Structure formats: C-alpha cells, structure tokens
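Structures follow.
Each of the next two complexes has subunit A plus one more chain, namely subunit B in the first and subunit C in the second.
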Partner chain A sequence: MAELTQFFNRQRWQRAATLMMLALLLVLPQWLLHVDFADALFGIGAGWQWLGKNFMPNQAALGDLGEILHQLGRTIVIAVAATSIAGVVALLLALAGAKTTSRLPLVQMGVRLFASCMRNIPFVAWALVLLFSFKQNDFTGFLALFLMTIGYLTRAFVETLEEVPRGVIEALEVTGARYWQIIGQGVLPAVSAPLMSWLLYMIENNIRDATLVGMLTGTGIGFIFDLYFKSFRYPSAGLVVLAIIAVTIAIELTSTKLRQVLAQ
Partner chain B sequence: MIETDISSQRRAPHPPAAPHAIANPARKTTRILLASLALITLYALATIAPDNVDLGVAGKSFLHNLDLMFLHPHLGQDTLAQLVDALARSIALALLTTLIGAVIAFGLALFTARNLAPAPLATAMRSLMALIRAIPTILWVLVYATVIGLGTEAAVVGLSFHSVAYLVKAFAESFEAVPQEKLDALRVSGARFGLVIRHALWPSVRPSLLSWTFIRFEINFTNAVAVGAAAGTGGIGYYLFMSSAFYFDFQEVGLIVYLVLAFAILLEMIAVALRKHLAKMV
Partner chain C sequence: MLTVSHLTKTYPNGKRGLIDVGFSIAPGSVTAIIGPSGAGKTTLLRSLNRLLTPEAGEIQLGNQEMRQLPPRALRLVRRQIGMIFQDYNLIEPLSALENVLHGCLGRKSLAAGMLGLYTKEEKKQALTLLEEVGLGDYALQKAGSLSGGQKQRVGIARAMMQAPQVILCDEPIASLDPASTHTVMTLLKDLAIQHDLMVIINLHQVDLAREFADHILGVNAGRIVFDDGPAALSDEALAHIYAAPEEAAYG
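Up next is the complex of A and B:
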C-alpha cells in the first residue's frame, strides 16, 4: 500500500514538473517576443478572407500562366538536378563515413562533423553569399539547393549504410572480393531502396523549399511570386500559389507511391 | 597486396554470370527512377550555365567570401549583445510556434486519425492539412504580414499554421499505430471518448509525439531564421540578411553562422539524448 502511495506521489510530482516546464517554455518566449495574441487570432480569419478576396486568379492573371509554368518547370528541374548530384556526392562521403564501409575512424568523424555543419548552416547564408558571387540566375539557385542538401543526405546515407548487417560484408570479404566489389555487389543492393527513398524525400523537400530559396536568390518560382506580390499583382501571385500547391501535392503523392513500391 | 593477388588468381577464367535478379518491382522502379533522375540532371546541367557570369571569376569570389566567413568572422555593424538577443528571439519564435502547433495539432489529430474519427471526417481533415502544407511557410508569413502588419504576430501565425498541418499528419499517423485492441479494451468497458484518449491513447503515443514535436522545433528554428531574412520579421535571420545583402559584410555573416551553428549543434545533442531517453520509456 505504501508502495502504491509512493508511486502515485511520484507520478503527481512528475506531472507537476512537466506542467511547470511547459509553462516556462511558453512564458519565456512570450517575455522576449511580446506577441499580441488577440491581434494574431484576429489575423487568422482576416488572412483567409484577404486571400480569398485578392488572390483569386482573374483573366489578366491567366496571361502570366505561360511564364509561371515555365518558371515552375525550371524550378523542378533544378531541384531534381541539385538533389541528384548532392546524392552522388553524399553517397561517396557516406561510404567514407559509415562504420560498416570505412575503417578509418578519423575520416568517419570528419564526415560526420562536415555533415552536421552543412546541415545546420542556415541556407539563408548560402543563398545570399552565392547570390553575391554568382548573381541572379538559375545556377545560383542550383548551388544553394545543392549545398543545403549535401549535409542532410550525407547524414541519412551514413545512417542507412550503418544498418547493413556485418554478415553481408563479411560474406563477401571471405570470398576475396575487393572493396568496390563488396560495395557494388553487397552493400549497395542491400540499401538501394532506402537510399532512393531518402533521395525522393529530399527532392520533395527541395521543391517545397525552392520557393523560399528562389525568393532569396531571385530565381525560379520564388522569384516570380515575389515579383507579383511586391508589385501588387495579387491575382497572378494567387495563380503562382495554386501552381505550387498542385505541384507540391502531385510530387508528395508520387513520392509516397514510389516509396511504397520501393519498400516492397 | 597479397590478398588481392590471390583473389585475382582464384578467379575463374569465365566468371559465372551474376544470378538473374528475381523480377522485383522495387528493383525495376529503382532503375527507371535512376535513369529519369540522370536524364533530368543532364538536361539541367546542359541548360543551366549562366550567360552573363564568368563562372571562374564567380567561383573565385565565392571561395574568397567563404574564407572571409569561416576563417575571419568578426563583428560588423552590430554588437554581440544585439546578435545574441536576436538569436534568442529566433529561438523563442521557434519554441512558441512549435508549442502552439503541437497543442492545436493534438486536438485536430484526434479528428484525423482513422481509428478515432469517422472516415469522411478523417479524409476531409487529411486533405485540408495536405493543402495547408503545400503552401510554403514563407507565403503564410508574407500574407499575414500584409494583413496584420509586419511584425512578430505575422511570423507566429505563419509558422504556427504550417506547424499545425505538419504535426497533425505526424500525430495522426502515431495515433493510427496504436493497436486497436488497446482502444477497444477501454471502449467495451464503457469508457467515454475522453477516457479512451487519456488512458489508452496518450500513454502509447507520448514518446512519438514528443519526438515529432522536437523534429518540428528544429524545422521551426530553421524557418524562423529564414522568415526573418525573407519577410523581415526580425530575429537573427534579419541580421543575416542585412549583413550579407545590405552591408556585404561576409565576416559578420560568418559570425552569425557560427552563432546559429552553435545552437543547432546543441539542439542535435539534445535530440540524441532525448532519443535515448525515449527508447528507455517504451
């Protein structure tokens, strides 16, 4: 009985502590930011109303459809290319960095550190520094997406490669297979499905992020949205949003479907 | 050295053909996918070269700026106190929007999970969330900045919006992973909806909700920085934007990047510890 009381007492304490912590996590930011929640709440409804009223594509906006579709197509192509090339580089890095495929602890650590830094450098910094040197063109967007993808994919690939059972590698090692034979015949076939899945996920993500990257680097669909939005051509901006929604949902569905097939 | 020699001697003169892959849809899909990705990439590379920029010169200038950023970071226009304060604001923004998002998403996910809500409602919620998720965060922030004025409120609403849509999907999937027997055991004993949630659902999903919320916090931190730069809503992102696009002070950009990196790596360490803790909880 005493034990039970103790158990419930401890549970009560834990619950109180969790609630306190949650409250603190809410109060601290509010103390820094002074968010006017009434204003924010009012804004939610007003925002939708404003969208419905101003962003409805009209006849004039349809004239921009050609340009919008062109930019959207370029954005997709560039996002795919940047992710694919980042995938190849990340795979090489991951082979050097995964415990299963690399025997050099120092290189393993180096790859991890590199991936972690690349993942966490804000892509705003990449985009703006690239913009300064490469100016406003598709290549800048490509480089920005490439640099922000490398870290994520390297980390994901390292984790995937480390899930390859030692047995697969040892079995090939005892046959006298050389390093690249082991990788090509044993390791890669074992992980090709999860690797592809990661690649698809990153492509999907990068197409989503391309809007923001485009706004910062002045390329693709993000640039054209920014242009319409800032020159108050809201119906055209609305059309851009509709196009982005259609593409994002289509890509999400395709990628989910493909990943299901790959997982079989 | 010796090993390779032996193995090359041992190899049969006519290596046996590799066994035919069993007709496998996954393998076929992988090949088709790889081929299409390679084609698109080649097309992109062929058409991407800018005609108004000398890539050699641009590359050199980029490397020079990287050198300034990463090897010679310094304070420029702003004081360290200003930058740390801005970083704290960005973190606060991420924290606030994640918590708001998580609480609202929990409520909405109850109507989105197929094992809790009637099918038509679940489908409708799912589609609505997919729609909101498809609109980039920055668009929400820009729209709200126009409607309620540029400021923290716009960023809070915009980021929370996307967080809710993201977390509803993640939470609903966690709810659906709860074994039906667990829910039914309480239902047949006559427990009402609230009791089923409290005593069957909540204990089973707590670890996964926590880890999803943390993942979203990391995303929201990145977004808070980006939104500050692209929509001018303040925080460290705004300083990042001003120092690189306005003052062209890449040394300060470097310092800001290091500040953000330090926090992000701290987050990553917390994530690892959290994951260990959660693994023990289950």
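Up next is the complex of A and C:
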C-alpha cells in the first residue's frame, strides 16, 4: 500500500514538473526575446491575408503558365535523375558500409563517416559552393541535389541492409554461392521493397527541395519564382507556388500508393 | 564417407567447444547428434562445413581433407554439403521456386548467378525437388507466406538443389508443431535413403533420435561420449550423455 501511494505521489510530481516546464517554455521566449505568441499568431494570419490578396494568380499570370510548366518539368526531371543516380551510388556505398554485407571493417567505418559528413553539410552550403564552381546551370542544381541525397540514402540503405538476418546470408554462403551472387539473388530481393520505398520518399522530398535549390543556383522552377518575385509579378509567382503545391501533392499521393503496392 | 578425427575447436574467448572429437558416417544414413544444451552440438555441425574453423584434427569428406582448405577450394567442397536451419533462413519476398534455385548458385558462373539467369534444366530440377518435398503446388508462392513446416521443406529442397553428399541440420524441427515435425523428419530420412545422403541432425528430443536415426552421437562438454546405433541407447547410456559435465569427464 505504501508503495502504491509512493507511486502515485511520484506520478503527481512528474505531472506538475511537466506542466511547469511547458509554462516556462511558453513564458521564457516572450520574456527573453519579446516574442508575443498571440501577436505572432495574428501576424501569421495577416501574412496569409497579404499573400491571398497579392499572389492570387490573374489573367496575366496565366500567360506565364506555359513557361512555368516547362520549368517545373525540368525541375522534376532533374530531381528524379539526381535522386536515382544518388540511389545507385548510395546502394554501392551501403553494401560496403553495412555490417551484414561489408567485407572490410575499415571501409565500413569510412562509409559511415562519409555519409555522416555529407548529411551534415547544409544544402545551402552545397548550392553556394557549386554555384561558384559551375555557375548557373541545370548541372549545378543536379549536382547539389545529388550530393545532398547521397548521405541520407547511404545511411537509410545501411540501416535497411543491416536488418537482413545474418543467418539468411549464411544460408546462401554455405551453398557455395559467391559474394555478388548472394547480393544479387539474396540480399537485394530481401530488401528491395524498403529500398524502393526510401528512394520514392527521397524523390518526393527532392522535388520540393529542388525548388529551393533552384532559387540559389538559378535554375528551373525556383529560378523563375525568384524572377517573378523580384520583378514584383506576384500573381505569376503565386501561380508558381500553386503549381508546385499541386505537383508535390500529386507526387506524394503517387509515391504513397506505390509504396503500399511495394509493401505487399 | 565422412570421417572426423581429433577435431578440436577453441573459441577466441578460450571456451573449448570441441575436444578431440572423432567419428565416421556412412552414406544413406541419418545420424542424430544429441546432448545437453551447450554440449557442443552446434559447434560440431558448423565445423563440418567450416562455418567455424577448428584448430586441430581432420575432416575427411570422400578423399578431400576439409579442415585446412583455403577459401576458394572450400567453396567447391561446400557445394557438396547442404545445410538447413531452425529458422529456415529463406528469402521471404521471393517465391519458393526461386529459393530452391539458390541451391545451384555455387555451380553457376558469377554473372549468371548474380543476375539469376537459371537454365531450363535448373528450373525443371527445382520444380521436381519441390514436388518431391510435397510443395509442387506452392512453387510460385512467396516463401514468406508459407507455414513453418512448408518453409522448412523449401529449405530442404534448396539444400537438395546443391546435389549434396551431406545435409547438416541444426535443430531443424525446434520451431515446428508435432505434425510438421513428423513430415520433416520422415522427409529427411527418405531423402537420405533415396539419394544415398549423409544426413546429420542436431536434436534435443531423444525419442525422435530413436525413431528416425540409424546412428546416434552423444555429445557432452565438447566430447563424443556415445557413438552407436539407436538400439544401444540404453537408459544408462542416456544418463551418461546427459550427465552434468563433471560426471561425464570421470564416467
């Protein structure tokens, strides 16, 4: 009985502490940074209003639709190509980096380190470095996306490969099969569904990110958004945003559907 | 003929898995390895196809000495030794047929094997084997969707696809219900006789060893303490095999 009382007492204390923490988190920023949450909420609302008033696509903006769709298409192609090629490279790296498939512990560590470094360089940095090296063109955008993706996919693939039970690989080793036969006929079929799922997810993300990368590298849909925005053609910029939203939703739905099919 | 002599395996941590183990096994027979948990049954089985490397002794399969083979030659000898596992170790998203076909990867060229380019004969052989284990109707079904007993039979067909001389089974029925256990044990026994195989099975059920084995090896604390037919497996012999290690050492 004493134990039970103690338990509930502790629980009450924990709840009280959590509430205090939440209150503190709410009050501290207001106090330190003079951020007023009520004001901020209202501010966001005002922002949306301003957007709605100025960015509503009009008749003139529809004239730009052809160019917008063309640039959007280019961006999608670049995002898909960069992600797919990064996927192939990441798979090779992951095979060398996963405990289950790696043959050299030193390489294993090298791959993990590389992937972690790549992941932790922000894409703005990539875009800027590449911009100075290759100037504004589609290849720069492609390379920026490619480099951003490699680290993430390598890590995701390593984790997927490490979920293959050791015994499954052993079962093929004892048939006298060689390394690449085991990879090709055993390991890859075992993980192809999760690998594809990661790839689709990354493509989905990269089409969104490609817009931002494009603003920096001056290519594709991001570039014309920037252009319209800076030349005060807000309705056209609004149309770009709508087109991007439509495409990302469509891609997200397709990719979700595809992943469901794959999971079966 | 498989002849093992003076086989000794010490694990890197100093634990002695096998101590001066010797026995020989004839084709067309089922050998059961029994003994208490931790006696060294798994260590013995995995030494036979060199998943483990014993530091002394001989493993003679036909006229080939296996213990000291370098990797390339080892791969060739391994093709003659099939193995089935307690948890089946199939590639679950692939069909039963594809899993069976894995058994012939070892004799295909690197590229053909990697790309899964199997010949018509190989496919026909795999299908025949699936029929032989009673799964002809399940050839194209995903391995992951089969029952435990069916998975184990796919595992057996995969091992048979290697056209082996030996099949090693580490607790093959430990995850199965009684009916599947009976099917799998009967199948292994029939295959041993029909294909003149040496089937070696680690078991922890003595009654199954009595029922299905032609030859019983009793292991205790890394040593062979019984090596005879099932008829000789008296209560006294059993007590000796399952004795606490110290007793066995003085027994």
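Observations on the structure shown:
Basically, the second predicted complex is superposed on the first by the 241 of 264 C-alpha atoms of A that agree within 3 Å, B and C clash if a C-alpha of one lies under 4 Å from a C-alpha of the other, contacts with A are read in each partner's own complex, and residues count from 1 in each chain.
Here is the rule we go by: contacts are C-beta pairs under 8 Å (C-beta built on N, C-alpha and C of every residue); 3 or more make two chains touch, one makes a residue touch a chain.
Computed from a predicted model, the values in this text were never measured in an experiment.
In the superposed pair of complexes, A:128 makes contact with subunit B only, with no contact to subunit C. Look at A:34: by the touch rule set out above, it reaches subunit B but stays clear of subunit C. Of the two partner chains placed around the shared chain by superposition, subunit B is the only one that A:26 touches, whereas subunit C remains out of contact. Shared-chain residue A:193: touches subunit B and subunit C both. Between subunit B and subunit C, B contacts the larger number of subunit A residues.
Looking at the shared chain after the overlay, A:256 reaches neither subunit B nor subunit C.
Once the two complexes are overlaid on the shared chain, A:177 sits against subunit B and subunit C alike. When the two complexes are overlaid on their common chain A, residue A:167 makes contact with subunit C while staying clear of subunit B.
In the superposition on chain A, the residues of subunit A touched by subunit B in one structure and by subunit C in the other are 175-178, 185, 192-193. Of all residues in subunit B, only 3-4, 6-7, 10, 18, 24-27, 29-30, 33-34, 37-38, 40-41, 43-45, 48-50, 52-53, 55, 58-59, 61-62, 65-66, 69, 88-89, 91-93, 95-96, 99, 130-131, 133-140, 142-144, 146-148, 152-154, 156-157, 222, 225-226, 229-230, 237, 240-241, 244-245, 248, 250, 253, 256-257, 260-261, 264-265, 268 touch subunit A in the complex they form. Here subunit A touches subunit B in the complex through residues 22, 25-26, 28-30, 32-36, 39-40, 42-44, 46-47, 50-51, 77-78, 80-81, 84-85, 116-117, 119-125, 128-135, 137-139, 142, 175-178, 185, 192-193, 196, 199-200, 208-209, 211-212, 215-216, 225, 229, 241, 244-245, 248-249, 252, 258, 261-264, going by the rule given at the top. Touching subunit C in their complex are the following residues of subunit A: 165, 167-168, 170-178, 180-186, 189-190, 192-193.
By the touch criterion given at the top, residues 49, 51, 75-76, 78-79, 81-83, 85, 87, 89-94, 98, 102-108, 110, 113-116, 155, 158, 161-162 of subunit C touch subunit A in their complex.
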